[in-house]
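Okay, got some structures for you below.
Each of the next two complexes has chain A plus one more chain, namely chain B in the first and chain C in the second.
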Partner chain A sequence: MGSIMNMLGRRLILSFAILSLTSLIVFLGTEVLPGDAITATIPAEELAFYTPEQLADLRKEYGLDRPLPVRFLEVWERLFTFDFGTTLIKKEPVLDHIAHPMINSGILAGLAMLVMLGLVLVLGILASLKPGGRLDTAISATTLFTYSMPDFVVGNVFVVIFAVWLGLTPAVIFAPTNAPKLTILLASLLPVAALCIHGAAYQFRLLRAGMVEALNSDYVERARLAGLPTWYICIRHALPVAMIPMLNGTAQFVAGLLSGSVVVETVFKYPGVGSELLRALAQREIPTIQAIAFLAALAVVTANFIADLAILGLDPRVRASAQHG
Partner chain B sequence: MERTPHIDVRNLKLVYKTGSNSELTALDDINFTLGKGETLGIVGESGCGKSSLARAFLSYTRPGARIADGQLYVSGVDILRLDGSGLLKYRGGRAALVPQNPLSSLTPHLTIGQHLTELIRQHNANGGITSQQRALDLLAAMELPDPVAIYKRYPHQLSGGQRQRVVIAAALVAEPELIVLDEPTTALDKTVESQVLLLVARLQKETNTTLVYVSHDLNVIARMCERVLVMQNGKVVEEGETKSVFNRPQTEYTRTLIAAIPKLQHAKQPSPVRLADSAPILTVKGLDFTYGRPKNAGSLFNVFKRVSPPPTLQDISLTIQPGSTLGVVGESGSGKSTLASLVAGLVDGNEGKITFDGKPLSGLATGRQRELRRRVQMIFQDPASSLNPQHSVEQIIGRPLQIFFGMTRAASRDRIVELLEELDLPVTCLGRLPRQLSGGQQQRVAIARAFACKPDLVLCDEVTSALDVTVQAHVLGLMKRLQREHNTAYLFISHDLPVVADMSDQILVLEGGRIRDYSDTGTILNHPNSPYTRKLLEAFAIASGHIAQGNLKNVI
Partner chain C sequence: MLSKRDFLQLLGIGFVAAGTTKILGPDIAAAADLPAWAALPEGASPKSGGKLVYGQTYPNWAIGTSGNGKHPYYWIDLLTRSIWNCLIWVDHDFKLQGELAESWQPADESLTVWDFKLREGVMFHNGREMTSADAVASINAHVAQKGSSFINKWFNKVEAQGQYGIRFTLNAPYAEWPFALAEYRIAIVPSASPELILTDGIGTGPFKLVEVDNRRGFRAVRNENYWLKGRPFLDELEGYIVNSQTAVNGFRSGQFNAVFNIDPTTSGQYESTGGIIHKSKGGDQFLLSLPKNLNLVWNDPRIRLAISLAVDRDAINTIVYKDPGSWVGNDTHMSGLNAEFQPRAKPYDPETAKRLLAEAGHPSGLNLPAMVYCPSFPEEPKIMAIVAESLKKAGINIDIREMPCDGFNDYVVQVNGPIGRPARSLVGPRNPAINLGRMVTNASEAAGWKGPKADEFASLYGKAIAEPDEAKRTEMYHELQSIVQSDTPALVLGGRRNMLAHAPSVQNLRSHSQNWSSRFDDVWINV
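Showing the complex of A and B:
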């Protein structure tokens, strides 16, 4: 057990390093590249009225005249203590700005994950029972089709079908970012479906392949020959092994959700962090951009960590190899 | 017994679907009966249909196969017509199968306890005690040490013999009336096989279970079974009492099978001529080797690493004379393959303790001169994975000719044909890919590739272990002829003592990375030094004694 803790410890150190690297890249991208925070924040036409001395004073005021490593360490420390500071111009806490959009997006992504996993498990098991059979062919062909469709196409098609033709849902969501979460939950149904369709297709292919392989294995044959029912063999003997490749894919799906949700949120006017990020980018709201980028990276790293934990839980052989170093 | 057969197979026919409307007959017109408590052996070479027949006893066909015709009665019920819950009750309840490979046949993420208790619950077989207690009793009945510890372990944490006992325990959960064993000891070491066979024989006698034992190993069948069924290409070619079939085989095929078995008493006489005092081609002196030595112990990610693993090889010294054969015997994990890998330069770390033709061999093959790489060749156990699946036979054998002798494609062709002829391979093989060849042909291509280099030393790592006995006999014969004609030395590694004895001038016995015995073949066979070698000899002597001597009953 000790070595498993060691392995997890190593993973944590690695995650920490990845997050540090992310914050460095975000820092370099937002504060160092040509056009520093001051010139980026002040509109060009106003910038013409500032004298070089005034700009220098401003830089001093915001601490932008200090050496880069010092400023980076400061940003790094703020991010890692979840102190995201205040917005540049209005001096409001960044957290107030992004808290609700973050939660809304969290609802969207979490719901998308759950629906996706549920869908994938059911479809994956059904398709693998008779590989090459009619059901498998139908599901596989459908998922191949949806896999090849980009998020924004799916989103727009959904809007046309469900909102314009059928009138079941409004075409865009008018709920404000701080609306009651139940409203948000209801409003997120179409975006969730749009997000899932793409991700579920890929996960499905991974799970189906894993299940087909597991169901062809010697241990499944032995279980069949020992008189265990098929449904039991599928769930207890085959599924845990088949889920392992899919879980690695699921961690990737989380990363995909982040970029996918920016698109989908725009299509549906969903009050999430994607639209907040676009706004912050347009206005050069550097602390906000840094906060969102950091939290997004944190979500991806956490998802990978959870996937690793799940794999450790599913496969004792991985636990054993962790013990051998 | 004959009046009410326990098992009655009639006109059984099984076909495999090979295309949209083509089928291949895997079992054809199988008929036989078996009385309660009798033991039947089914023998034949790979592809003869014996595994399909074994599964038919459980009313099971592999994907793509179906029973085309016939009935299979067990206690008067045609089990091929069972379905639904009747089938689930029959499988594992009244009949059970012990599969070939116990590691791949146990679910990796379930503990041994979970494997057993799920079957006990499924078949309501706890007999008034808790499922857990019943599972522990079964493990104890398998003569497993410390059942409580085994119960909690995962399959990969057990040894091969322990896993096989667990799989047998799982088959016995519901006390079935018929047990089918499909090559249950093929994956085991000989001494372990011996113990498992004794266990199976004892359990069979105690419970008067009908036993069907499928194996390619005639020795095992001779030891375990009263009756035997010889199969070839899906048909029964001979059937009867084991003693009479093996002592007075009626068909040519059975005679070939029996003749091909390597026997200890056939061991070749030590040839002092070849052991004469010419300079050795290979010398190993005081070689120690440990896997995964902390090479980069200082790096960040190794801070948590524990102590290094135990040594794989300890204090190994040996010499091989030009044109002679040194056999290396040992069970799995004894370090024999590691020894070959070190000489071949596949694994680094010989530390200058291996000298070839008087010159030290550098650790990795990539660091050796081309000429040295040419002179030391290796043949592996599994030709299917050691031959490039994308290359034709011509490309495979031609490659060393082009690399080491600078031949053009056209020039190498004659030499390739010559090599094919030396190995009894038809010239039509030239354009074929490895998967289009049989296992024996693949291995002969691998040998041709090694001999294309005109080597002085060939390292042979379990080269015939994956082959049927008749094919093995053929390949070994060819290897002996090639050795005589080219004066090539062999380092011949195998777990199979009779094969090694048949091939070698000297034998080195390895156990746990240490040399237990090292002498000429005759001395090893007749006056072994270490108790370990004696134990090994006994395991093989028991196995190979019967067919020759016909004393089946006394052993069990």
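Showing the complex of A and C:
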């Protein structure tokens, strides 16, 4: 048990280091790029009327002229205490700006994750029952096709089919950022479908391979000979083992959700954090960029940690390995 | 015999009346008890009710930066005149019309004092009547908040003259002062303390703001007490900032019944679903500033002229905008939209360009320094490709580099401040006083222009805007454009035509050359 705790402790320390490194990379990235919030906020036509001295004064006022290490340490401390500071120009709490988009994106990502897992489990089990059969071939071919389609294309194809041709869903989401969460939930059906279809294809392939392997194993054969029903063998004996490689893929899916959601949110105009990140990047709203990047990294690190715990719970070999150092 | 004072008063009235009778029959206007410019097209039978939901593809730079979406300064993306009005409006024919100002005139021949008479009975959305106190407070707030440099440069003070009159005192003679008051930020709002004024979304416009999401769009409802009686026709108005593809998707699915500022290359996608395209007469122009404070090859004005003559602008009109001859420029901020516009005798002349290059010691062509731009409009990369290709035909090689808009201005002035690198500026269409003034006052766009021609230009500009006689002023504007063309301090590579798409049921919705001057009080939907 102590060894398992040690392993979890090591994972936590590694996560902390990864988050610190992410903060540093994001900080340096936002510092070395040309431009800053001052020049991005003043309209181009008006900029000609400001002297460099005036712009320098503005930078001083907003603390953009201090040494990098001092500013990084401040940023690091703020991020790790979830105090994301204020926006540069308007001096409004960053959290106020990103709270609703983060929640909306959380709804989108959570729903995409649930739908994706449900879809993958059903398709993976069905396909693995008769490998090489018609159903397996059809599902595998379809998922291979969807896996090769970029999110942008998937999103637009869905819009054309479900919004333009069939008129079942809206093509553009009008709900405001702070709309009731049920409204957001209902509005997110098409984006969820677009977001999870790509990830589902990859996860399906992992699960199917694991299921085929498990169903051909000696212990499953023994279960069959013992007269256990197929559905029971699949769910009780084959699925837990087959899910182990898929769980690592699921953690990667979470990491891909951020980049995927930027595209999908743009296509559907979904009021999530992806659009907020693009907006902050365009305006060089550095504290907002840092906060979103940090929270996204935290989500990925947490997802990996949960995946590790799940694998630990599902796979006795991993538990044994941890216990024996 | 007219006295000079009488003439000046007539000049002021002329500003109000100019152009209105051309557009609308005076009988129609009078019958509806509306200003002439507000009359509907002949034979129109507008319907009341319905909702206009529009997409706007202009980048969300303004309102996205705002912490308060109820502040009119940030509504250039969403189109300000749905909620607010200014004293003056520039109509589709580029004529000045009184919006909240009923009339105006210079108080004397100095042209430094201007009197404006406000419309009576105009109500704010909060039920209060607009008076001179509100107009004075609004203007003072705009000056304090640097609402427009076109105002601040000339403004000295503004005072109330009774309940419905205001008087501007300027720090120099300015015959075209009223035009500056049509700028998109200069809305009239209820008077309030300096920290509160302009922050509550209350205006005099045809729609009352219900909800605004800075990141996305707004929702507004009909203002039953709108000062244009019987207007607006629509019950509701919604606007959303979207990218080009999302706009097409929203239109094709029927969620949008109009899209402003469409990419010209997507017009077919709108038309294929029954959309109707409306093009304005003009739009922003792409001005290339040529830094002349460094030892660069274009310090020789013959080279600058050669570059200009080698750009095939009609190819841009034809290929990108599918509209040959639609836009005409002359290497100033002026364009064919301006009545005072003076075209170059032969704007595209590659043979003369080659001859000029040879005269300047480059008979076999030359390489120019790289030029940078950030694509504010989706068609810009196509325009720049045509520019580079046509220059190449004349033996002029230039690397036109696309840069991210994020940090673009900083990149430009990273070297050679304050003029910076050779870069493309976007210039919106305005009147000659503002357009030509930018070559005097704007170091970036004039790009270090100096010498006898620049001095002559600055001197004549000061005289031109102080000239009360419009005909004489126009002559001077022509001369100013000739001076610029003879020295070519900057190049205008091309110009846009703003375009919108609307559903067939939407009536009288028109794209405006000044995108920010679009209005909604005369639009209706045939149900």
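In this section, the second predicted complex is superposed on the first by the 289 of 325 C-alpha atoms of A that agree within 3 Å, B and C clash if a C-alpha of one lies under 4 Å from a C-alpha of the other, contacts with A are read in each partner's own complex, and residues count from 1 in each chain.
By definition in this document, a residue touches a chain if its C-beta (ideal position, glycine included) is under 8 Å from a C-beta of that chain, and two chains touch if they have at least 3 such contacts.
Note that the coordinates shown come from a computational prediction; the quantities given were computed from them, not determined experimentally.
Once chain A of one complex is fitted onto chain A of the other, the partner contacts of A:256 are absent, as it touches neither chain B nor chain C. Judged by the touch definition given at the top, the superposed model places A:163 against chain C, while chain B stays out of reach. Within the superposed three-chain model, A:218 lies in touch with chain B and out of touch with chain C [touch as defined at top]. Ranked by how many residues of chain A each touches, chain B and chain C are led by C. By the document's definition of touching, of the two partners only chain B reaches A:237; chain C does not. In the superposition on chain A, contact of A:245 is made with neither chain B nor chain C. Shared-chain residue A:93: touches no atom of chain B or chain C. Judged by the touch definition given at the top, the superposed model places A:106 against neither chain B nor chain C. On chain C, the positions that touch chain A within their shared complex are 53, 55, 59-62, 64-67, 146, 149, 211, 213, 215-217, 238, 240, 242-243, 245-246, 249-250, 252-256, 405-411, 413-414, 417-418, 425-428, 442-445. Remark: chain A residues 3, 6-7, 9-10, 216-229, 232, 236-237, 240-241, 314-317, 320, 324-325 touch chain B in the complex.
Taken in their complex, chain B has these residues touching chain A: 55, 58, 60, 62-63, 87-93, 96-97, 99-101, 104-110, 118-119, 122-123, 154, 156-157, 167, 170-171, 173, 292, 301-302, 304-306, 309. Of all residues in chain A, those touching chain C in their complex are 33-36, 39-41, 43-49, 51-52, 87, 89-90, 92, 101, 156, 159-160, 163-164, 167, 170-172, 174, 176-178, 266-269, 271, 275-276, 279, 281-284.
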